[in-house]
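First the structure, which I've put down as structure tokens, then a few questions once you've had a look.
As written, the chain order gives the labels A, B, C and D, with residue 1 at the start of each chain.
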Amino acid sequence: MALKVDYLVRETGQNLRRNITLTVAAVLTIAVSLFLVGSGLMIRQGVQNAFQRWEGGIEFIIFMNPDATEEQVQSIEDELGSNPQIKDYTFVDQEETYDEFVELFSDQPNMVESVEAEDLPPSFRVIPTNTDADFVSELGKNFEASAGVRRVIFAADSIKQVQRVGAWISTGVLVMAIVLLTAASLLILNTIRMAMFARRNEIEIMKLVGATNSYIRIPFILEGLVHGLVGMVIAASLLFGGRAVLSDRVLDLPILENFVVTVNETWVTVLVLLLVAIVVGTVGSAIAVSRFLDV
Amino acid sequence: MALKVDYLVRETGQNLRRNITLTVAAVLTIAVSLFLVGSGLMIRQGVQNAFQRWEGGIEFIIFMNPDATEEQVQSIEDELGSNPQIKDYTFVDQEETYDEFVELFSDQPNMVESVEAEDLPPSFRVIPTNTDADFVSELGKNFEASAGVRRVIFAADSIKQVQRVGAWISTGVLVMAIVLLTAASLLILNTIRMAMFARRNEIEIMKLVGATNSYIRIPFILEGLVHGLVGMVIAASLLFGGRAVLSDRVLDLPILENFVVTVNETWVTVLVLLLVAIVVGTVGSAIAVSRFLDV
Amino acid sequence: MIKLENVSKIYKGDVSALLEASADIQKGEFVFLVGPSGSGKSTFLRLLTREEVPTRGKIFVAGKDIGDLSKWKIPFLRRNIGSVFQDFKLLPNKDVAENVAFALEVIGRPKHVVKTQVPAILELVGLSDKAQNMPNELSGGEQQRVSIARAFVNRPLILLADEPTGNLDPATSVGIMKLLDRINRTGTTVVMATHDRGIVDTMRRRVIELDRGKIVRDQARGVYE
Amino acid sequence: MIKLENVSKIYKGDVSALLEASADIQKGEFVFLVGPSGSGKSTFLRLLTREEVPTRGKIFVAGKDIGDLSKWKIPFLRRNIGSVFQDFKLLPNKDVAENVAFALEVIGRPKHVVKTQVPAILELVGLSDKAQNMPNELSGGEQQRVSIARAFVNRPLILLADEPTGNLDPATSVGIMKLLDRINRTGTTVVMATHDRGIVDTMRRRVIELDRGKIVRDQARGVYE
């Protein structure tokens, strides 16, 4: 049986207009839900951004003694330059280390104040050709005995731990986003269910007049889809607005600088919301309708 | 007109039972909403807990040179002990400073590794009798010129900045909780509104039979209250459960240690939820009902 | 008891459901409201219970002008008036006994009154064995009888019945009319809209005939046409 | 066209709405279903459209046993049967024209057919000027006529009417009966439950009388009693 497009458009439009109370309620519920999911996803993105700079390619660090002589530093540098297993390295002098330290711990000013540049060790940050843990560890140990070297630190022991903490936080926020998503789906399904309940007489009558299930279902499903999409647009506007306000005002606090979520990343979030809106709106309506069409 | 208790109880009970679809939908919506609000409040509590130990009574810190002699330290200590304007002070030696440093930056192992106890300055943490900023600053400056003292740091410059960051995060989470609360209220109001919409015929008939507004309203309001309370109980169970799981498993990661929210603090959150459930459930129903009773 | 003074009710789209209608119904009268479909009979009754507000004119019920009745007093007006609705208007989630009991509970009757009155009135309309049924489990005629029972149960001053025999077989109709007559003899004013020629012609009571909103006949001891 | 073989319908609480009923209605017949309130007339009709499933017995409609009809085929059964419901069952959020048009759209009739048929049938039941009204803006009789228009509009094989004149004045009733008669003459089988003695006695068609679920009379060219 052919379902005519104009029937669907008209029927859906009428349902939306004539049950304006329900329409507003459903759209609001979906908008709020999706806004919460979107916020969760964006916070997660922010946390990831903040941790990104810890995830560079540095594989081990050679810390010199703060009072190592220039010759000692030079000899290590020569060694690094001539070793074919070293892909790249950078020397970070005491001033640079201090700057990094200050930046890192700008939120702990008493720590910053307690340390001077000359207390901090200069270091080489080394990227080997091979990233295998054993290989890197072997390679790094070669430098441990050299004069002026205080300690060699491996990614496995340090950066990876930083990353682990980052992952923990990131996972926490992801869990939060998933909880919100589940909550949103539940809420949307509930909304549709209540909308169907409110119109149980209508559905009953349609069945009595000989309408097939698909004939009754499809306008309701389209209605769910429209609810989802309108809710999504509202949620997306709130997210973009929220992002703009936050990145203008709040995030110029230095420690939160890296937390900024870009407009592009916001778009990705909105895409996710669009998907959720379509899937939950359509599938949800379909399930809810079938529940009430079962004679 | 006397509203009989048994009428109210019976009427409310029947509404709940006979519109089971609506009841389940409303309770679920409220449970999810309150759970989200509760989570927001508990995260905020966690963040506050984590920052608490930075909010001690230390008003200024005298950092000694790492290589200050024992006599120099002793002379400062004598001075502190004899000054009537000093309420209390603690000496933190290099080992203790190192321990604190390690604990603080356990998430930045390469920093920890780069610093040894002897690099770090021992310090006096001083609590003056008067907390006025000018007074403290005057008092602290007296020690700046003393032998072996590297620097004096004031709360105004350091701890207050830490507190400020803590406040930022805390505010952020509070804003999140408020957004969730608003969202939850909206959702609950919507739910009630839809429930009323679904029963508009019933209300119409009651009015025709000569029921006064209060006679019609009160069962609906009680129904809203029951929805709110049941939803609250579900949300509270989820919060307690979630807290238990998290503090057992996730939070033994050292950095998150201070984040633990106690059972008592959870109870406070639940109390807030109870209040929200009662207010939103009752007031929401009252508003929703009056909207439909207006002839 | 009921007085209409030049009452008009114009619905949107310029439909004159009632046009310059005047009538004076005394306490204890029994009035048939007749007229073709759409002539304004239900509108006439709905104006008396303030379900509708007249576009023009004044309406008095029990001596009170109900035109300037404040909203919160409407329930109290309705308590003096029992209404049998053309489409029954039963509460779908209450059973038969509860639907009838509700009309008593609303006006604050004590429990023991409800407990004795409800079975008595259900007996009267012949629905004792359906007391526990829900409205959707009843036949059309049974629903109509529940609606009548509910309107009767609190012995109102005025009883308005909108085609109370429309869905009833002749035998049951006669029973219901006997009941209405009995109620009327106790002093209750009864206004009944009907299409049932047989009933009107047998009872020979006052007949008000409407045609396109106008009162075209007001006859004591009248017939259907 | 319609055949019942020892059909019983027992509702919960041991209510026998229909008891061992057998009947055979030929194509083109016009049958009145009479009997007191609650005797099972509506149940009889609801069994034919599979709104209810018989507790015992077999029902054939247009030669098909509808007892083992799979769920998805029910709509197609109903498209061959026009139903006028005792309580109208109009879609409350569609206006009169849309309510009628809906019955055509459901069975996939092209737009131009809908556009010409709907005004024609509204003209026939005398509701042309109410086409844009919503159901709650209609009088009881007008709603019943919309229900009749909707049942007629797709010219079904069978027409079931549950007290289609219950809310109509005698003049309109005669008009509706003339319409039903005309429809019947085009070959449509008509089964009509009614309490209207006048109509049954005037038309003199087959009468099936029910009493407490039993068929107590099945008479060609019968009268009401």
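Note that in this section contacts are C-beta pairs under 8 Å (C-beta built on N, C-alpha and C of every residue); 3 or more make two chains touch, one makes a residue touch a chain.
If you're wondering where the values come from, they're calculated on a predicted model, not measured in any experiment.
> Treat touching chains as neighbours: how many steps, at the fewest, connect subunit A to subunit C?
Graph distance in the chain contact network comes out at 2.
> Centre-to-centre on C-alpha atoms, which chain is most distant from subunit D?
Farthest chain from subunit D, going by C-alpha centroids: B.
> Based only on mean CA positions, could you tell me how far subunit B sits from subunit D in angstrom?
66
> Return the distance between the CA-based centres of subunit A and subunit B, expressed in whole Å.
Spacing between the chain centres: roughly 24 Å.
> Once you find the CA centre of subunit A and the CA centre of subunit D, what distance in Å lies between them?
61
> Indicate the whole-number Å distance between the mean C-alpha point of subunit C and the mean C-alpha point of subunit D.
28
> Considering subunit B alone, which of its residues make contact with at least two other chains?
Expected reply: 19.
> What kind of graph do the touching chains make: line, ring, star, complete, other?
Topology of the interface graph: a ring, with each chain touching two neighbours.
> Which pairs of chains touch each other?
Every pair of chains in contact is listed here: A-B, A-D, B-C, C-D.
> Give the list of subunit B residues in touch with subunit C in this complex.
By the definition above, subunit B touches subunit C via 1-2, 4, 6-7, 14-15, 18-19, 201-202, 204-213, 215, 295.
> Applying the document's contact rule, which stretches of subunit B touch subunit A when the two form their complex?
19, 21-22, 25, 28-29, 32, 35-36, 39, 61, 63, 66, 97, 101, 104-105, 107-111, 113-115, 119-121, 123, 150-151, 153, 157-159, 161-162, 165, 168, 172, 176, 179-180, 183, 186-187, 190-191, 193-195, 197-198, 250, 253, 255-256
> Spell out the part of subunit C that touches subunit B in their complex, as residue ranges.
49, 51, 71-72, 74-79, 81, 83, 85, 89-94, 102-103, 105-108, 111, 150
> Any idea which subunit D residues touch subunit C in the complex?
So the residues of subunit D in touch with subunit C come to 11, 13, 34-38, 41-42, 86-88, 132-133, 137, 139-142, 145, 162-163, 166-173, 195, 197-198, 224.
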